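Which chain is which? They are A, B and C, in the order written, and residues in each are numbered from 1.
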Amino acid sequence: MQHEQPTGPLSTTLDLRRLIMRLVAVVVAMFFFGFALVPLYDLFCDVTGLNGKTNSTAFIPATELVDTSRNVTVQFVATNNEGMPWEFRPEIFKLSVHPGEEIETTFFARNPQRMTMVAQAIPSVSPGRAAAYFHKTECFCFNQQVLEAGGTVDMPLRFIVDRDLPASVNTITLSYTLFDVTADQSEQVLSAASVSMASSVNTATL
Amino acid sequence: MRLITTQLARKGLLVLSRAAAFPALLATSAATWAAPGDAVVDEAKRWVVNMTEGVTAVSREIFDLHMLIFWICVAIAVVVFGVMFWSMLMHRKSVGAKAASFHESTMVEIAWTVLPFVILVLMAIPATSSLIKIYDTSEADIDIKIVGYQWKWQYEYLGEDVSFFSNLTTSQDEIYGRAPRGEHYLLEVDEPLVIPINKKVRFLITANDVLHAWWVPALAVKRDAIPGYINDAWTIVEEPGIYRGQCAELCGKAHGFMPIVVHAMEEQDYNDWLVEKKKEAVEIAKMNELILPLDEMYARGEEVYLQSCAACHGVDGKGGVGPSMVGTAITTGPMQGHVDVLVNGVQGSAMQAFGNQLSELDLAAVVTYERNAWGNNMGDMVQAVDVLNYKKNQ
Amino acid sequence: MGDHGPAKGFGRWLYTTNHKDIGTMYLWFSFAMFLMGGVFALVIRAELFQPGLQLVEPEFFNQMTTMHGLVMVFGAVMPAFVGLANWLIPMMIGAPDMALPRMNNWSFWILPFAFAMLTSTLFMEGGGPNFGWTFYAPLSTTYAPPSVTYFIFAVHIMGASSIMGSINIIATILNMRAPGMTLMKMPLFVWTWLITAYLLIAVMPVLAGCVTMMLMDIHFGTSFFSAAGGGDPILFQHVFWFFGHPEVYIMILPAFGIVSAIIPTFARKPLFGYASMVYATASIAFLSFIVWAHHMFTVGMPIAGELFFMYATMLIAVPTGVKVFNWVTTMFRGSMTFETPMLFAIAFVILFSIGGFSGLMLAIAPADFQYHDTYFVVAHFHYVLVPGAIFSIMAAVYYWLPKWCGNMYDERLGKAHFWLSFIGLNVTFFPMHFVGLAGMPRRIPDYALQFADFNQIASMGAFLFGFSQVFFLFIVIKTIRGGAQATDEVWDNPEGLEWTIASPAPYHTFTTPPAIK
């Protein structure tokens, strides 16, 4: 069969080369777009206000005005995830607070194991729509918590319930799930913690 | 060819006639699937074709919504299939029907776009109203945290210091057909969730490991249990009774074996139960101080083993999904190692940490049993206080 | 160019760039996968025949349910539709072949490799995938068997096959129609495949992203789906269902095209509302992107989201209803005969609609709290997939096989296959509505005693349906080996360019474009 002279948009080798270059450029751009998505996603959430979660970095209050005419019950719940052996409980189950008031409470934790461990507490607020109105100014969930063997700690939590909390919400439940993230740590974190502790490791009597 | 098809037709008729007789066969009270000794299921329950109305205002509202949508669908089906069947009968070539040639009509297309849209809007209104009610978890009287584990539920009455696990009590023997099946086969637990009627109970649902879902049809409550997150749901039960449900999210091998039993009772009875439960916690603590002889520990340990361990390690200790315990390094090795496996589990395996799930007495008993059963004959034992000390001094 | 016909031997099939050969390979591959997926289903139904565990352990049962889903979705339904696309689209638009014939070959041949690897996971240490065909995290990440990595690899390969196939289909349809065949003159099967191909290109990469995030979580220490590291198991569900919902429309739109070709032929009347059918298909495709979270009504979504997804899902009933009404109106005042393809097509309209009704019930979010993860859902999707997608494929095979191989199938055997399948599937899946409403959850190997009777009936139906498909295999082979000679037109004045060429269709057709009226 006779091959005719090609016509159309890709009729020369140069045209073909240009097309391929453009397509490769698109692929490379998409690859970097993947990285750009991280700040873009945060920007999107900021602009739209979409984010069903409570804050994971400290909240800085703009005003100290307290709404004394209203009481909101805040409940505190603690749960261990699988394989997390620490004792972990709230100092108090519930508090009655005023919106706008900065409240402090603590969570108790104890590491019963024979080695230093690192935990990450993940907060979850119920009802979901209250999450945007629950501001933590200081929380042990902002950082990973290191506890030496047998160590105990009272971890502080400071929060403010926003004055704009919808009138239909009168009870907020703040629940923490404690995860064992020891395995994900670098050597430095664990050895630094070991140096600071005393050698009061109790041995089992069995 | 004709012979083959005649034979086929005869075979087809035979199959169809057997099929026709089958319903009669099934309707007999001796169910064809029941093994000798199996509980006889109430005829009414065997052939249930519809959702339960349930025992709450929400469950009844959901049932009514379900029936409304169902009947609308039936009505539409009758019309549409009616036209089809009429057509198949009357517009056949074999009765001489001649094909028309019409093939479009904008007016008709608009009509049968708009009319269904209107019907949908009418359906959406009651659905929206019900959903808003379902989402309103405010002003609850009682808060209960529910945690889904592989493969059991844990219930914690928040602010009351009452917390316990709820395990399936149907035995492996029943499941594998070695023992007759009881009436509540696969829907029975050792510790039901107890709640008062006519009080708003709020459930805070999460999970320990993988996704689970807590579902009780009679309450019309189903919520996914997500590790690291809390979901909420609520109910107000109007009738005292026992209501059974199952896990509704695939969670591994025993997904079908972690049921839910809710016991709803009069408020006074609930309060009495709560007091008993708190006393129980004190008694368990007291029992943990007991020093028991080997044979009592062994007997108790055997019960605990069958309840909590046999599903993976076999009724005979020879293993199954989990490893054998007969003459192994753990069960015939150092006591401390054996206790450690039970209290802390084995990282990276399916062996969970039972330290927080069983009492110290039960832990000590099952270790004692494992070390002395199936020919292991170690002759040693451990007491509850030893386990308690081990946990404290780790 | 001289007509040299196809090559000889296995090399013909390995190196072919001919759309008819590739279509044939896709169809045989999908039939084999259908039978294998069917065997997995029969293991499930055999275990569920009675209460108690008699045949398999729960861990293996979970592998069977998972593999049944994966094989049927990715190995049976999708390749069958691609096979039909390959065979029919070039002939229907008057083109000599697909736009990218070598890529077409590659699209097919990676599939047997992917499925061999996926099936081999059943024999690996720890067993095959056991987390459902929807593979939610963390059951499919932290708690998965070691074979999960091969599962991910297989999914990537299947996805690549679909994406390449779709590119090919779009390029072919947009560039290679015979002069005079405008878009609005194309057969509806070509339209539905054009739209389906866009859906595939849009969502298969999302699935690829989903399984890659899984791979990262499993092997590279990321936390996309783990709360401990700031991630969320529900993210998995959103990403998966963003793929998953369009996927189920991908599995039904070509079926709509097939039925739209068959009913007019046997009613001897043109398809009613051609333009409407095109717009309705496009509407369904568009809407399919904004309904995904109706698979997630119980995860604890904010109420605004739950309501949105409920409304959008209900809305899909409108264009779908339009299509059903158009098919019925095509039949109305026609002059019908009921050969096997027509039987399958009519059963499609009725039973798919029943599946659609249960779908509408499921869309009602408050009621879904009682239906979700029960056998009611299983009944719904099996009604839209079995007498839906599968019946349309069988209808297509009976309708076009005489064109492909030049021989008529035996009409009485075809009808017998139809009735056995029809009875079998209804006996299997209708009772599932009942046990689902009565409270039986999905994906369980054993059940409470009150569910036993309907389960026993369903299991018997399943075996009847399963063996009827072996009968189908026999019919197909018998036809290919030698049935009555088929004419070019095969049927009574059917519409479409494929009926203007010889039966069997020559190896190369429309090497010069035909004239379009």
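Assume contacts are C-beta pairs under 8 Å (C-beta built on N, C-alpha and C of every residue); 3 or more make two chains touch, one makes a residue touch a chain.
Bear in mind that the values here come from a model prediction, so they are computed numbers and not experimental data.
Chemist: Report back the single chain whose CA centre is most distant from the CA centre of chain C.
Modeler: Computed centres place A farthest from chain C.
Chemist: If you count the C-beta pairs in contact for each pair of chains, which pair comes out on top?
Modeler: Looking at every pair of chains, the most contacts join B-C.
Chemist: What whole-number Å value describes the gap between the mean CA coordinates of chain B and chain C?
Modeler: 31
Chemist: If you average the Cα atoms of chain A and of chain C to get two centres, how far apart are those centres in Å?
Modeler: Whole-Å distance between the two chain centres: 40.
Chemist: Tell me, which residues of chain C touch at least two other chains?
Modeler: Within chain C, residues 227-228, 300 contact more than one other chain.
Chemist: Which chain B residues touch at least two other chains?
Modeler: Within chain B, the residues that touch at least two other chains are 135, 209, 227-229, 231-232.
Chemist: Chain A: which residues touch two or more other chains?
Modeler: 81, 122, 177, 179
Chemist: Which of the residues in chain A come into contact with chain C in the complex?
Modeler: So the residues of chain A in touch with chain C come to 1, 52, 56, 81, 120, 122, 128-129, 177, 179, 181, 184.
Chemist: Please output the residues of chain A touching chain B within their complex, sorted ascending.
Modeler: Against chain B, the touching part of chain A is residues 75, 77, 79-83, 85, 93-94, 112-114, 122, 124-127, 149-150, 168-171, 173, 175, 177, 179, 202-206.
Chemist: Please give the residue numbers of chain C that touch chain A in the complex, ascending.
Modeler: Per the stated touch rule, the residues are 1, 221, 227-230, 300, 302.
Chemist: Please output the residues of chain B touching chain C within their complex, sorted ascending.
Modeler: 1, 5, 8-9, 12, 15-16, 19, 22, 26, 31-35, 38-39, 41-42, 45-52, 61-62, 65-66, 69-70, 73, 76-77, 80-81, 83-84, 87-88, 91-94, 97-105, 108-109, 112-113, 116-117, 120, 123-124, 127-128, 130-132, 134-135, 174-177, 181, 183-187, 209-211, 213, 215, 217, 220-224, 226-229, 231-232, 245-257, 321
Chemist: Would you tell me which residues of chain B are touching chain A in their complex?
Modeler: My answer: residues 135-140, 143, 145, 147, 149, 158-159, 204, 206, 208-209, 227-232, 335-336, 339, 344-345, 347, 352-353, 355-356, 382, 386, 389-394.
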